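Two complexes, one shared chain (chain A), two partners (chain B, chain C).
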Partner chain A sequence: MRLHTRLVALVSGLGVLLGTAGVTVGSAQETRIGGVTGHAAAGKKVYRRYCILCHGPDGDGNGENAQWIDPKPRDFTLGVFKCRSTPTGTLPTDEDLFNAMSRGFVTTNMPPWLPLSRQNRADVVAYIKSFSPKWKTTKAGTPITIPQEPALTIESIRHGRELYQKMECWKCHGAKGHGDGPSAATLTDNRDLPIRPYDFSTGSRFMCGVTNRDLYKIFMTGLDGTPMPSFADDIKPAEGWDLVHFLRTLQPLDTPELAMWRAWLATHAGELKPIGPAGPGQ
Partner chain B sequence: MAKGSTRGAGSLRGSWLVSGVVTCACLMAALALSGRGSKAYTAYSLAVHKTKAIPAFARKYGLPCSACHTAWPELNAFGQAFRDRGYQLGNDRDSPIWQNPSYIPVTFRMTPNLHRESATKQAVDAVPGDGTSGLVSKTITQSGFDLSGMDLWTAGTLYKNISFVLLPSSDNTGAFHFEAAFVRFDNLFSNRWVNFKVGKFELDNLISEKRFLFLSGNGGAYQGYHFLPAGDVNDFGLGDNQIGAELSGHSENSYTRYGIALLSSTDGEVNLPTNQGYDAFLTLSHAVDVGSLGVERLGAYAYLGRRPTYFQTSVGTPIPGTGTGNKPFYRIGLAGDFFFGDFELLPFVMHASDDAYLATGTAANVALPPGARDARWNSGFVEAHYYVNPQLVFTGRWETVRMSQQADPTLPSDLGNIDAYSGGIRWYPIMFSRAGLSWHTEVSAVRTRGSAFSATDNVWTTSLFSGLDFDF
Partner chain C sequence: MRTAYIAVFAMMALGTSVTTVRVAPSAAGTVSGKVTYTGTPPKMKPIDMAKEPNCAKEHAAAPVLTENVVTGPGNSLRWVVVYVSAGDEGSTPGTEPVRLDQKGCQYIPHVLVVQQDQPLDIYNDDPHAHNIHPLAKVNPEWNRSQPAGAPPIHTKWEKPEFIPVKCNVHPWMHGWHIVVATSHYAVTGEDGQFSLKGLPPGKYTLTAWQEQFGTLSQDVTITGTETKAVNFVFKATPY
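Presenting the complex of A and B:
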């Protein structure tokens, strides 16, 4: 009797232990970001405090406030993310998600969550990854290689302008980068929701960062889930930097690119043909 | 045996539970009963809400209260950064032009409540209504349903990097005053370290009395923020909003912050009631990210002020605004905000000094009483919060004020010393981005050394408070 009850207790205890372990394994999604390990269970708590009203309890972007927000909050269940260091069509790295959350998204309701501790942010990344089954079956993509930025030259800016014409960037972003190209009004995202092209003349930051490298990444990886494609197969890596240099001249910032461009325009403006359907852009 | 063990484990869990409940109950009861039998009339009125939470911002940005507040109205690191940026998220959608035209950034806050106040050793007539019957010591108690004051907040951005706050605030009779009103310019010279505001505002206290989690008559103010020794005529309170200008700055995540303020020597009163003197307030704090524990902040502050000791007179009547014979005072100290996961600890220490003229209420153009000297004291508190979740928080606080030097050397060295204890629970049954509601329950007790009858008496004042704190 005594042995029997001990056996029952032992088996019960093991059952509880295994059950608990099973639960733990099932939900223990982790991220590694720098020296920080993020845990989905802890991330859920943080998510409920900060994110749930927009992204929703199920991560599908249907939170209480989603109806009021434009553009709509990200639907994590699709496993599609705009800002990545990885090729188009692949999952982002943990760092990509971490950086996106820290940086926020300019011209949207997504604020920079930089004041949160790194642990909190890493935990949320782990939890966000639990919303889509993609993360269980697919590995994150390998970050693209970004070549060293060449020295800024007027030739680079001019070539970038040619590419802006040739790759038909103007169709969405407009001839002056105001986001008012002929296709702008027709654009939709992967949820068939209207989406506006980036307006270079008003934004002080880009959607996925502030540096030239961030801008380079945007058109070499594309913004998945939006009409912004990847140009990795269409332009050479070095040409990407030319495009970067030209796009910098469209921003309302005192950039070296803009200063050089203005100086050149002062004496060569007449040589330019307008960007648009008729012109070669140069 | 197995059953026995199981039962034993259950009993053990049960006993822990019972023990925990009993301990909590005893603690609460001890605090509550410390004023048992009291009958005192007290001056506590819950007149004005001292706390700030602005669901107008939650509505503007669609964020839950918990995004900016550990438990509203206390700010968390994200809320602090939002405030430091001039009520801007920094996503190029902060200007009013991006808001729906029907959006008006207005917030109302009030707290219908039931409370009980009590004070021991109060001086009352031996025969009620007979002023000649002599004074006797009695405990006075009052209780009943009541209202708090009301805050009518408007705050927001006027343009990118230009923000405002306007806070008409009433006592519980509906008499309004301007608790805060300022315009703020952010990122001057495109630099987040250069922000400037002018108007009436809360001092940049690391531990804000305006945003804390206590509402009762005794617990609803930090003792150290308002303490003055017996006979002192200084009107300054570290927790009082002041009128002036402030230069401030912060790092990108607001982990490092500073503030330098130049303030009128009026303790926030309008119409320049005293003189043309100015005070200064300096703060500096730095926070570090310590992983899973959270973000830990430590800061220092100094308030250097002067107050007049007498006025020009006309037929013997003081002329407002003509105060002169200014004498100095200061408050300096350290404050912290430390997280251990869901547990938050807020320590605060202060050293204070008032010039002998202020401390003895002596005009500077006459001689000080014999032996008079500067009054000096130290104060401090430790406040603790445990966040069960964003909608439930337990609070506790212990405070102390200790005189280190009486202005009048004949007074007992411990006259005026204070010990205060507060504890409470705030439960937020709903938490959306449109409004807030909290069921707030609190008990608080303050022991002050010295009564009208004896300098060695301990006077206990206690508060029991339960209210519905709503914010729309």
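Presenting the complex of A and C:
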């Protein structure tokens, strides 16, 4: 009897020890998104049901469907992600991955995964992070600080246009934002595959969201793995909003930016220097 | 005689500190040699920079040639990195910043060697923008814009890796950041010559790397202050 009690105590003690170990290992493979905690083990099941055909069993983007898909599915083993709130060269936050998965990637084969529950998506994010060793050695970057969006003014739009010229956005996105700049045809991503710059005249969603804030993040963090660099070294935080306001005028959408720009152009069009290579007018 | 005894006692008293001081570069050898090729290398072709008029104008007299394989007289190979790949653990980290220039739509130097954690400064000397996009896999991949007149980018690489670097705006711009753990490395010039100085006695593996032809390795043993000759011959193919 006494022996039995001891054995039980020993076994339960072992159990506690193993349990603690399990928690420490598990915490590295957990994500916290809002009030939801995602677990890699649960995420693996969801991944193998919904993601594996494109992203592959090893997360390297070589699933069965990958050969038919362009652009190619993300290779999670590289730990390089386009849509981040963090600076270029850093890992995204759990929320960034969660949002990217929920939103999907417009003009690609990646659909929005809103039909999956928040819990399912949080679990998948935890599992995706197990494919690259970078998550074990490096923490996610610190999200960039985005100042409050100021009131829209014509000065802001005009300064944004100057930035578009000065930062040479037009080299890829074109003088009118049609994605037809002199360097557009030769762009390649980090797998040496051809890639196109965003064409503002389509008015479609951006790769990383739809809001002005998403647009701000795109050029201030860069889309890592693509030719789109980060302009955080060159554009001051407040100036970023000026560029956002100008970029909105390039889209054929019913936006306050475009309305204000059209009204101003009606009387001032002659004052504008053309965007493009520096010529006698520049 | 008495002075000699005192000297010996003093050295014994100093103990280990004396031995560490003894590793001074007084007994250090040199490895030098030449990198050449056999076979047919690709031809160096002129680069058309018409899409960037500033650069086209700058090189109007003598167009820039492709740099993936640069050959010289006597089958010599330029831009080959020769470095100690084994036997030099615990090499002193570099503290002097290494400079990369973007000038005339070229990376200068085309192949840049830097030690891990050594400061790396990137300058844009051109009157237009570049983006610097190192396609790192072990280190973090980043991509930053650097418009005309922007201050230098101060950065560093934390892990050894051979990193291809490109400018997406000017697709012909291609360079390499070679991140090494050792402080003993050299990049061959047009004559294919290299020289690694200050190698303390020991067994080393020397590796030569060429961006298109891959790597070659040789073992070398340094016993004193001698100069060892080591040559590398790459097999060149036109494609």
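Rule of thumb we're sticking to: the second predicted complex is superposed on the first by the 249 of 282 C-alpha atoms of A that agree within 3 Å, B and C clash if a C-alpha of one lies under 4 Å from a C-alpha of the other, contacts with A are read in each partner's own complex, and residues count from 1 in each chain.
As a convention for this text, a residue touches a chain if its C-beta (ideal position, glycine included) is under 8 Å from a C-beta of that chain, and two chains touch if they have at least 3 such contacts.
Quick caveat: nothing in here was measured; it's all calculated off a predicted structure.
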Which superposed partner A:Arg205 touches (first chain B, second chain C, both, neither): first
Which superposed partner A:Thr186 touches (first chain B, second chain C, both, neither): second
Touching partner for A:Leu78 - first (chain B), second (chain C), both, neither: second
Chain touching more of chain A, residue-wise (chain B, chain C): B
Partner chain in contact with A:Arg48 - chain B first, chain C second, else both or neither: first
Chain B versus chain C as contact partner of A:Lys139, first or second or both or neither: neither
Chain B versus chain C as contact partner of A:Arg262, first or second or both or neither: neither
Touched partner set for A:Asn109, first chain B, second chain C, both or neither: first
For the chain A and chain B complex, residues of the former touching the latter: 2, 4-6, 8-9, 36, 42, 45, 48-50, 52-54, 64-65, 68-69, 104-119, 202-205
Residue numbers on chain A that touch chain C, as the complex places them: 78, 80, 88-90, 134, 138, 166-168, 171-172, 182-183, 186-188, 190, 222, 224-234, 277
Residue ranges of chain B in contact with chain A within the complex: 1-3, 5-6, 61-64, 66-67, 77-78, 80-82, 89-93, 252-255, 289-292, 294-295, 389-390, 432-433
Residue ranges of chain C in contact with chain A within the complex: 51, 53, 128-129, 131-133, 135, 137, 140-147, 150-151, 153, 168-171
